[in-house]
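The following blocks contain the structures, represented as structure tokens.
In the two assemblies presented below, subunit A is common to both, partnered first by subunit B and then by subunit C.
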Partner chain A sequence: MLFNSINFFIFLPIVFLLYWFVTNKKLVFQNGLLLVSSFFFYACWDWRFLFLLMFSILLDYITGIKMGEAKNKPEKKFWFWLSIIVNVGFLGVFKYYNFFAESLAESLSAIGLQTNFWTLKVILPVGISFYTFHGLSYVIDIYYDKIKPEKNFIDYAVFVSFFPLLVAGPIERATHLLPQIKKERKFDYDQAVNGLRQILWGLFKKVVIADNCAHFANIFFENPAQYSGSSLVLGALFFTFQIYGDFSGYSDIALGTARLFGIDLLRNFAFPYFSRDIAEFWRRWHISLSSWFKDYLYIPLGGSKGGTWMRVRNTFIIFLVSGFWHGANWTFIVWGLLNALYIMPSIIFNTHRNNMEIVAKGRVFPSVKEFLSILFTFGLTVFAWIFFRAESISAALDYIKRIFSKTLFTLPNIKVLADFEIIVCLLIFFISIEWLGRENRYAIEKIFSKSKWIRYSFYYIIILAIIILTGKSQEFIYFQF
Partner chain B sequence: MKKFLIKLFIFLSPFILVSIFFEIYLRTVNTHYKEKINGLYKNKDKVEVLILGNSHANYGINPAYISMESYNMAMVNQPLLHDYLILEKVINSLPNLKKAIISIDYHTLYFSDDGIRNNWVYYDYGIDTNIEYATKLSRFWLGYTPKVAFSMLKYDIKRSIYNLKNEKPTLNFKAENGVSFTDTIHNGWLGYTGTNPKKFNDNVVKSRADVFNQNITRKDERVKNLKVFKSMLELLKKKNIKTYVITMPCHPKFRAMIDENVRQKDIFEIEKIIKDYNAVYIDFFDNINQQKLYYDCDHLNKQGAVIFSNLLNISIQ
Partner chain C sequence: MKNRIIFFLGSLMKFIAFTAFVYVVFIIGFGLFMPKVLSKNLSYKRGSNGHLFSRVNEINEYKNVDVLFLGSSHAYRGFDPRIFQKHGLKTFNLGSSAQTPIQTELLLNRYLDKLKPKLVVYEVYPGTFALDGVESALDIISNDENDSETIKMALELNNIKVYNTMIYGFFRDIFHLNKNYKEKIVKKYDTYVKGGFVERNSLYFKGFKSLKNKSDWEFKVEQFDAFKRNLDKLKAMNISYVLVQAPITSQLYKSHTNNEYFDNKMKTYGKYYNFNGKLNLVDSLHFYDEHHLNQKGVELFDDFLLKELPVLNKK
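And now, the complex of A and B:
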């Protein structure tokens, strides 16, 4: 079930009403309802993979308890590694097996050895990277005695499968979400309104911004040979807004939906395109994944303790793994490495924590220096997204080669883009609202909070835009991860 | 909680009202589809030639220039499956049907799922291609989508205002861009007016051809469509109806941008299949070259339709 489908907008009110009117007497009923609804939500995509999700939940639940009951370190270690190997094994088989088999076959054929590896013809279970990471963080935290194993199966299962975060995050932590699931929840009017507002903004980002930009980006990325360098720059820009609108829009809907049920999820985006350097960008983009890698990979690898060389090595590892997490394709790996290169100067010269504050806090406009920094960081990001979007490394290189041709200085071919002017106006509107709301958790959280009428008019405009200006429906990009 | 629900209801009430209005409006409004099917049933005892196909045939074959009583049931983006289901639905209601013309163009065998138009043929023709139950219920949100629904209402308002000031009749349904507002539909046919020079720009023609060139990579669709094609021929043979399978003309600029090998391979396949049936294949692909006879690179305009329909008329005698 997609967040931007009618089915979801039938499903959500039903679950919401049952949750607050029928099961509100007892927490166990509420959590039971959340679990059943979450399984139903997942089964709507493909019921067969529900068993895989259930198996993953059961595995980590049991290994968690076994680790808690372990009488000695080796026994604890055994259950820990069992969970890690099975979890990573599933991810490896479903997500990476074909990639490794094909890459090995290609490498061997390059040295003259012809091989025919058996490849799997399975579809990637939606959300597998997300729920596997939920489970992994849980068992790692138990192993390092940060949390106690959860005894209540329903509570644990809701933690992993809570439908707003099930298929594309944010990647939650047991320390943050489980206590909320175990605590009695009372309906909070302000929280519910806030949730609806965030859903509204998320929908706008997804169906108006991302889907319209996707249509334009696809035109240029599918046939780069036909277009001038300047047109291809435009294509990369549209993809940059597509991926932000798509993923942060999804996260907004997820966070808003969870809030309707009295649950606060981890923030996933904090206006990353207003970052002044790449380190800041990565503190603001897909925050739940970046912090997951920091806590469960960077710090265990030694973090920043071992001096510059160790910081450099660990940063490269993090970005390499992060790229690979996104998908079984060399393009994602190059994208990760490119970002590692971008961030490297700030790691070496220890300037990566220079921009911790919100840009131009308390001011309407940024300073010239801030503006130029934002523009430069944005440019680097746009360039890296070319690898992320391209089908292959050679396609990305070809795209870049065509950008840096004589035609870069000609006018872009906008004739092929229907309603180009409308989409550009929408983007300007979108960027302005995001800029004005950058000090909040999401852009329209406190918009026009002093005037009810202006605020309501704004909501109606957003809804009308969603109804009238919806782009051709595209699947959420992060579903494939 | 109560406060939340009441406020939410008040906030959403304009949208609820708009939804109700459009659900009713879209059930009563006239459409190109309704006009075609109603026209066919009105002429059911007279129709001798039935024309099926996509927009190429829809705009390019004017029944007025076919010497036998003809009816054009082709439609924009109409896949072979819809052609077959229409034929299956209406064939028993057409006692005098002697000939059928099926247009199979460069991309026809590779094109089947037509998204939104599956809903429209369900609503207006009663043809169910397994559309979702929710779509059957909500015409505004799913069947037509708000964007299309608003454009239909806008057209109706524009038409009503025009009718207040003028006596000239207007189309009482929203047609595609390029069709004149004051035209009339005749035996299912409506033509494009004039030539749109922008549509002959190299990039535009290339983009158009690319859509088709992309379609022809769908090999699974070809298998499915050939099956449907055989079923159509089977049905027509059973009713002893002579079938003419044709390829509609396209402008030379467009022709130069498509894969001729694929086209020839498909013609070979079609000719092989029709041998077992009471059918003939005629290739008109490169029969008309003048730009002034086309609206865009692959659609004839009214003038082109006259020339082509005369040509077709001679060929099917």
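And now, the complex of A and C:
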């Protein structure tokens, strides 16, 4: 069930009404409803994988309790590693087995050894990377005594499988979400309206911005040899907006939906394309994943305690793993490493915490220096996205090679892009609104809040844009991860 | 707390109701006054390619036909009623551009009772089982009278372009804005022939600009579901049917690697004939583009069909 489908907009009001009118007497009923709805939501993709999700929940629930009951450190360690190995094992089999088998076979064939490894014809269970990371954070937190094991199975299961975040995050933490699940929730009118507003903006980002940009980006990425360097730059730019609109749009819908049930999820995006350096970009892009890697990988590896060399090594490791988390393809690994290289100067010279506040806070326009920094960071990001989007490393290199050819200085071929002018106007509108709203949790949270009429007119502009300018429906990119 | 939720729901309902009103007004305004370039998700083209308007307007003149042809442009550009008439068969061609089983279902529900055919020749091109059906839906909405079947189809396709065009189509139907419309019989190279056929003469296929990459058809489950429902409907009305894959250029046919899978699947639904490779057709002589036979090709194909299909010979 996609967030931008009619099915979801039938499902959501039903769950909402049952939640606040039927099960509102007792928290256990409300959580029970959320669990059943979440399982139903997940089963709509492929009911067979529901069993995998249930197993993952059960495994971490039991190992969590066993760790809590362990009489000594080795016993606790046993349950901890059991959970880690099984969780990572599932992820490895479903997501990475074919990649490793094929890569090994290719390496061996390069040295003259012909092998024929079995490859698995399996579909990647939707959301497996996300719910596995939920479970992992929970068991790691218990192991390091940051939290107590959750005894209530329903509460724990809702923490992992809460439908707004189940298939593409944000990746929640037990310390943040479990207390909310255990607490009685009261309907808050302002919170609910805020949620609806965020859903509306998320939908606009997804179906208008991302889906239209996807169409253009696909034209250039599928046949780069046919286009000039300048056209391919345009293709990379469209993908840059596609992936942002797609993923941050999804996150907005997820956060808005959760608010309708009185739950606040972790913020996942904070206007990353307005970042002044790459370190700031990574504090603003897919925040729940970046902070997950920081807390559960970077810090356990020693963080920045061991001096510059340690910081450099650990940064490379987290970017490598982060790239690999996105998918079993060398393109994601190169994308991760490229970002590690980008961030390296600020790690070495200790300038990575220079830009902690949003740019031009309290001002309408940025300074020239800020503007140029944003532009430079954005350019680096666009370049890295080429690897993320390309089918293979060689395809990415061909694309880049073609960009840096003589044809870079010709006019891009926009004749192949139907409605190009409309989409460019939409992008300008989109960037302007994001800029104006950059000091809030999401762009339109407080937009035109002083005048009801202007605010509602603005909503209708967005709704009508969704109706008349929606692009050809594309699946959310992050579902494949 | 309950009061707050009820207030919230009340406000939301008011907002939704007003939005629905604005939506309808906006779509009508857009359809009437906006240039096509701005109407990205509204595609109402009366008298579009394929002469569907003329075809459905002609249906009232037909009833109790011997053979009804269904399918995509391969059908309305492949089965010439004049050739079948020479063999004493009264036929009607209800093909339409890119018609997928979902649209066939709508047309059967609308016209099967009226046409009461003895036999249905259902043209099954694998490509139509791989389409979402939006293009064909827009064609039907724009060129036929809209009714509850249109709403049913729109809900099944669940596409914003279909919804927008449907709303505008209903508006034009209700206010009879199309009553003076007359479709040209001859459009550039195409001539509409009574009985639903579209003839294109004296054009030759010059071949693909570049060699086509081989690929698999990616079939859609919902199209097979609709296809099954269509056949069940025919069975329920005791109408016999044959499934026919009309010839396309050999280059195009060979560019898909799962033709055999499709053939085997079709055989499970009933009598099925795949005419690709069965006739001595030459891409450059008997086709005018990669998909469609020119008139020379149509004559060869229809004669062959009459010989090959015993069910047609009996008549």
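In this text, the second predicted complex is superposed on the first by the 481 of 481 C-alpha atoms of A that agree within 3 Å, B and C clash if a C-alpha of one lies under 4 Å from a C-alpha of the other, contacts with A are read in each partner's own complex, and residues count from 1 in each chain.
The rule is simple: contacts are C-beta pairs under 8 Å (C-beta built on N, C-alpha and C of every residue); 3 or more make two chains touch, one makes a residue touch a chain.
Quick caveat, the model's predicted, so the values are computed rather than measured.
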{"item": "Clash or fit, subunit B versus subunit C on superposed subunit A", "value": "clash"}
{"item": "Touching partner for A:463 - first (subunit B), second (subunit C), both, neither", "value": "both"}
{"item": "Which superposed partner A:223 touches (first subunit B, second subunit C, both, neither)", "value": "first"}
{"item": "Touching partner for A:413 - first (subunit B), second (subunit C), both, neither", "value": "first"}
{"item": "Partner chain in contact with A:422 - subunit B first, subunit C second, else both or neither", "value": "second"}
{"item": "Which of subunit B and subunit C A:187 touches, first, second, both or neither", "value": "both"}
{"item": "On subunit A, positions contacted by subunit B and by subunit C", "value": "6, 20-21, 187, 189, 192-193, 196, 460, 463, 467-468, 470"}
{"item": "In the complex, subunit A residues that touch subunit C", "value": "5-6, 20-21, 24, 186-189, 192-193, 196, 419, 422, 460, 463-464, 467-470, 473"}
{"item": "Residues of subunit A defined as touching subunit B within the complex", "value": "6-7, 10, 20-21, 187, 189, 192-193, 196, 223, 226, 413, 415-416, 456, 459-460, 463, 467-468, 470"}
{"item": "Contacting residues of subunit C [partner subunit A, same complex]", "value": "1-2, 4-5, 7-8, 12, 19, 22-23, 26-27, 30, 37-42, 158-160, 164"}
{"item": "Subunit B residues within the subunit A interface of the complex", "value": "1, 3-4, 8, 11, 14-15, 134, 138, 141-142, 145-147, 150, 201, 203-204, 206-207, 210"}
